[in-house]
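Letters A, B, C and D mark the chains as written, and numbering starts fresh at 1 in each.
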Amino acid sequence: MRQASHGKIAVRFESVGLRYGSGPEVLQDISFTLDQGSFHFLTGPSGAGKTSLLSLLYLARRPSRGSIRLFDEEVSTAARAALPPLRRRLGVVFQEFRLLDHLSALDNVALPLRVAGVAEADIHRHVPELLAWVGLGDHMHAKPPTLSGGQKQRVAIARAVINRPELLVADEPTGNVDDRTALRLLHLFSELNKLGTTVVIATHNEGLVRRFQFPRLHLEAGKLDVLPPMALTASVGMGTGPIPGGGQS
Amino acid sequence: MRQASHGKIAVRFESVGLRYGSGPEVLQDISFTLDQGSFHFLTGPSGAGKTSLLSLLYLARRPSRGSIRLFDEEVSTAARAALPPLRRRLGVVFQEFRLLDHLSALDNVALPLRVAGVAEADIHRHVPELLAWVGLGDHMHAKPPTLSGGQKQRVAIARAVINRPELLVADEPTGNVDDRTALRLLHLFSELNKLGTTVVIATHNEGLVRRFQFPRLHLEAGKLDVLPPMALTASVGMGTGPIPGGGQS
Amino acid sequence: MIGFLRSDLPVARDASGLFLPWLVAVMVFLACLALSGAMSLDSLLDRWSRDASGTLTVQVPAATGANAETETNDRVERAVRLLETDAQVATAMAVPRERLAEMLEPWLGSAELMDSLPVPRLIDVTVAPGAMPDLDALVERLRAVAPGAAIDDHRVWLARLIRLAEGLRLLAWAVIGLVALATAAMVVHATRTALAVHRPHIEVLHLIGATDAYIARQFARRAFALALLGGVGGLALSGPVLWGIGRLVQRLEGGLVPDITLGMGQWLVLLLLPPVAGVLSMLTARRTVRRTLTRLL
Amino acid sequence: MIGFLRSDLPVARDASGLFLPWLVAVMVFLACLALSGAMSLDSLLDRWSRDASGTLTVQVPAATGANAETETNDRVERAVRLLETDAQVATAMAVPRERLAEMLEPWLGSAELMDSLPVPRLIDVTVAPGAMPDLDALVERLRAVAPGAAIDDHRVWLARLIRLAEGLRLLAWAVIGLVALATAAMVVHATRTALAVHRPHIEVLHLIGATDAYIARQFARRAFALALLGGVGGLALSGPVLWGIGRLVQRLEGGLVPDITLGMGQWLVLLLLPPVAGVLSMLTARRTVRRTLTRLL
């Protein structure tokens, strides 16, 4: 079913620790491996360090200690100049969206393409299509301050996936949308995943975690455990039933 | 069980319509009544107009048409100068938190007290207590940019309830916290409700809506329906069972 | 409401505020330079005008005919007496023949010659302080006692200098007006820019139930303090600069450039600049916040 | 990378940018005033110096004894010829007796008298452009042909004026230096403030994978354009003001204040102000963005 699990490794954390300033270690001794083409949820209570962990993954900060390999490159000690090309192979949904308020939804989503030097013609073909798909066909030219919370979140998701990233990192991507939309967005992610994208999604939505039977990275008290898919007790309001191994074919 | 439902009316919308600029009507002909001391969920798909409806309630904008009565005062046509005293009787959790980035969590929560002229001594007694209750005892002096998403949300909630409002309006107050914390926060709201506060909570979290058996205001396509508590099909990961009529006594 | 008396919310206190004092400092500094320049020019001009209008020279032509010598002396004496009785004249003194001889030497070759010539006599006159004698009337009266008398009021070249300096003063005031205008505009604009950053905070305070007056006060106080701080900084900066310029000016020859250091009153005017900037900033802040608020509901 | 050639992202285009041109306009306007003032003073001073050093007056005392009249005329003629052969002298012309008589009238009462008097003769001399004649040597040589000849070089009062104007020029350049410094500081600071608002945008572009150079370019271009726009506005504003000041100056007596309107070269210097402000802003933007970025990882 998956195309891209060639056994290659997309991400490898080894004994990674992170502290802010001189505070305590928010992440302690984190080690895990994500195969290319894999799909993981990242769970854990609020303040456990999920966003911190993801920020290491999307190269927003360096770990205080340990080693992080991304696409087989050591990034914890890499030169600054080596990072932008790596970043372009990522797609990131930030927990706070981080949209540019004075750009239209369309221009926001086009940003990664423009930065990568994609032709305007291609941009104007692909971006509206994707925006329509996430249900924002009518709000293409609206600026973020006039969008609803869920609409902003969908713009942020569209921006993260527009360049078909090799690694998709999403931080609480469904906190502001209804369950139907959340399901639809997760199908989008699992669709990308089937095309080879490695996916990591931090979420508090247990319903989603149960419905999509993907393995979990669970953070608690600074420690990470890799857990199997969550037990299927029930699927509330999430369509017809569980989707083993991800996505409706 | 409830102390304050004396049959008085806290909020009454009559044929309320709202449009932004010259756009279409986001809200059309909305009419409903909230008794004092009642507890309602506000549900509806993303972009349905929940935040817009709540913004009328917390006096951020005037309706394009119709009448809104709050605590028995007509607010849709009230003079600007008459509104601040009304606003102080409200508590609001904004969907985007709206914390002041350069103030500590404590100062953010203290804001409504300071504006109302409460003595510093009282502020320093009550605020840390509430922050500890929402699990931020260790982050009292942290500024919002150094807080996690869920921590920020809890600061926003603390700010909304610190002055024991007569009407609590919360817009997606649990989008960034785990289910356990969400439950805890909803118990906080229902506790306030038992003390007489009228509560309206916009949420996408069906689990919560099912678990707390409160009536729903459902928005869809600009229309509002008042629905009975949602059918209890199951309660996923939300503790032991349903809580009929609100709160564990 | 207790809020009116309580100390500020720390609501406006972020880094963006640092821009305001910085900018006000620079503008007050420039305004200081312009203002002290204009005021120095004023002093200079006053001094020059006083010098020029303060002394006159009366020329009494020599008499001819018999007893020319004594007649001439009489005429000079009468003229001196007439001048001395005039309320607007402080002193009148005939120039001694020896000095006249000196003055004419280059023209006549030797002093002896003068005795045989009908050389006109001169009277140095000091005008009473502040008096502006009507020279035409004075000449009329002088001619009654000393026919052909004329007044030379020394303004030959001082007049040109004065006209120049008056022009410069006009210029200086025009420039200071422009600098003041620019300063005011900048303070207003900087205050608005600083507040633009705070728009979300203003909204939050508004929605929390703070009155317009309360919110405006929070920001107006802060704007006042910041602009005052910047103004004091700019003034402090201009102190050594003005001192250095004063030193420069003192090195110029003393005659033309008298004491143009600033007087007490003028320093007071400079000292007013920071509070003026502060008040301007405060009023702008209040107005801007209120405008933001009335747009909100 | 194609991005290097493509047009800007609209990333820096929000209302906060409006502050930058506004501020640059005011600062360029002030710098314009200061600069044109200093340059005018330069022109004025040059003219005065030229006037003062460009003309001399030679005094030839009248001869005595028999044939005094013709002897005096001979001496004057010889002196004129000597002067004319001097390489440093452009023209030399004896002042006609009639003009001398006019000049002496106030002293001697009537022109006829002069004929019977040993009045010294005058020769107006124009020095060759740029020449600085050694006056002492010249006097020596003149005395050989015309005993007792003397040179009066007119600097009596012009020297004082020149010293004053030189002082003022020094002052003007000091002030223009300060204004330039303040302008530069303001442009730098305004650019930074405008960018502070964009910090989140810089972060987003960075995390999306844009290189530092790419991000810096987006903002540097915009800063250049905005500052240039403001500079042009300030210059345009200063045009009518400088014109008005020119009119004011023309109303002053022409003698002391010659043509102090600006020359082509000086206008060119003023025209350079906006691009200089633009470049300054651009460099600041680049540096600020890069500094922000290196703090990010």
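One rule holds for everything that comes next: a contact is a pair of C-beta atoms (placed from the backbone, for glycine too) under 8 Å apart; a residue touches a chain by one contact, two chains touch by 3 or more.
Remember, it's a predicted structure, so these values are computed and weren't measured experimentally.
Under the touch definition stated at the top, subunit B and subunit D share these contacting partners: A, C.
Note: the chain lying farthest from subunit D is B, by mean C-alpha position.
The centroid of the Cα atoms in subunit A and the matching centroid in subunit C are 70 Å apart.
Spacing of subunit A relative to subunit B, judged by their CA centroids, is 29 angstrom.
Computed centre separation for the pair subunit C/subunit D is 24 angstrom, with centres defined by C-alpha atoms.
With centres set at the average Cα position, the gap from subunit A to subunit D is 65 Å.
In subunit D, 15 are the positions where the chain touches two or more neighbouring chains simultaneously.
If the chains shown are joined wherever they touch, the resulting network closes on itself as one ring, and no chain has more or fewer than two partners. Chain pairs that touch, as defined above: A-B, A-D, B-C, C-D. Across the complex, subunit D is touched by residues 58-62, 80-81, 83-90, 92, 98, 100-103, 107, 111-112, 114-117, 119 of subunit A. Interface residues of subunit C facing subunit B in the complex, by the touch rule stated above, are 1-3, 6, 9-11, 13-15, 200-201, 203-212, 214, 294, 296-297.
The residues of subunit D lying in touch with subunit C in their complex are 15-16, 19, 22-23, 26, 29-30, 33, 37, 59, 61-62, 64, 104, 106-109, 113, 117-120, 150, 157, 160-161, 163-164, 167, 170-171, 174-175, 178-179, 182, 185-186, 189, 193, 196-197, 241, 244-245, 248-249, 251-253, 255-257. Those residues of subunit B lying in contact with subunit A across their complex are 20, 43-47, 50-51, 95-96, 135, 146, 148-151, 153-154, 171-172, 175-182, 204, 206-207, 210, 233-237.
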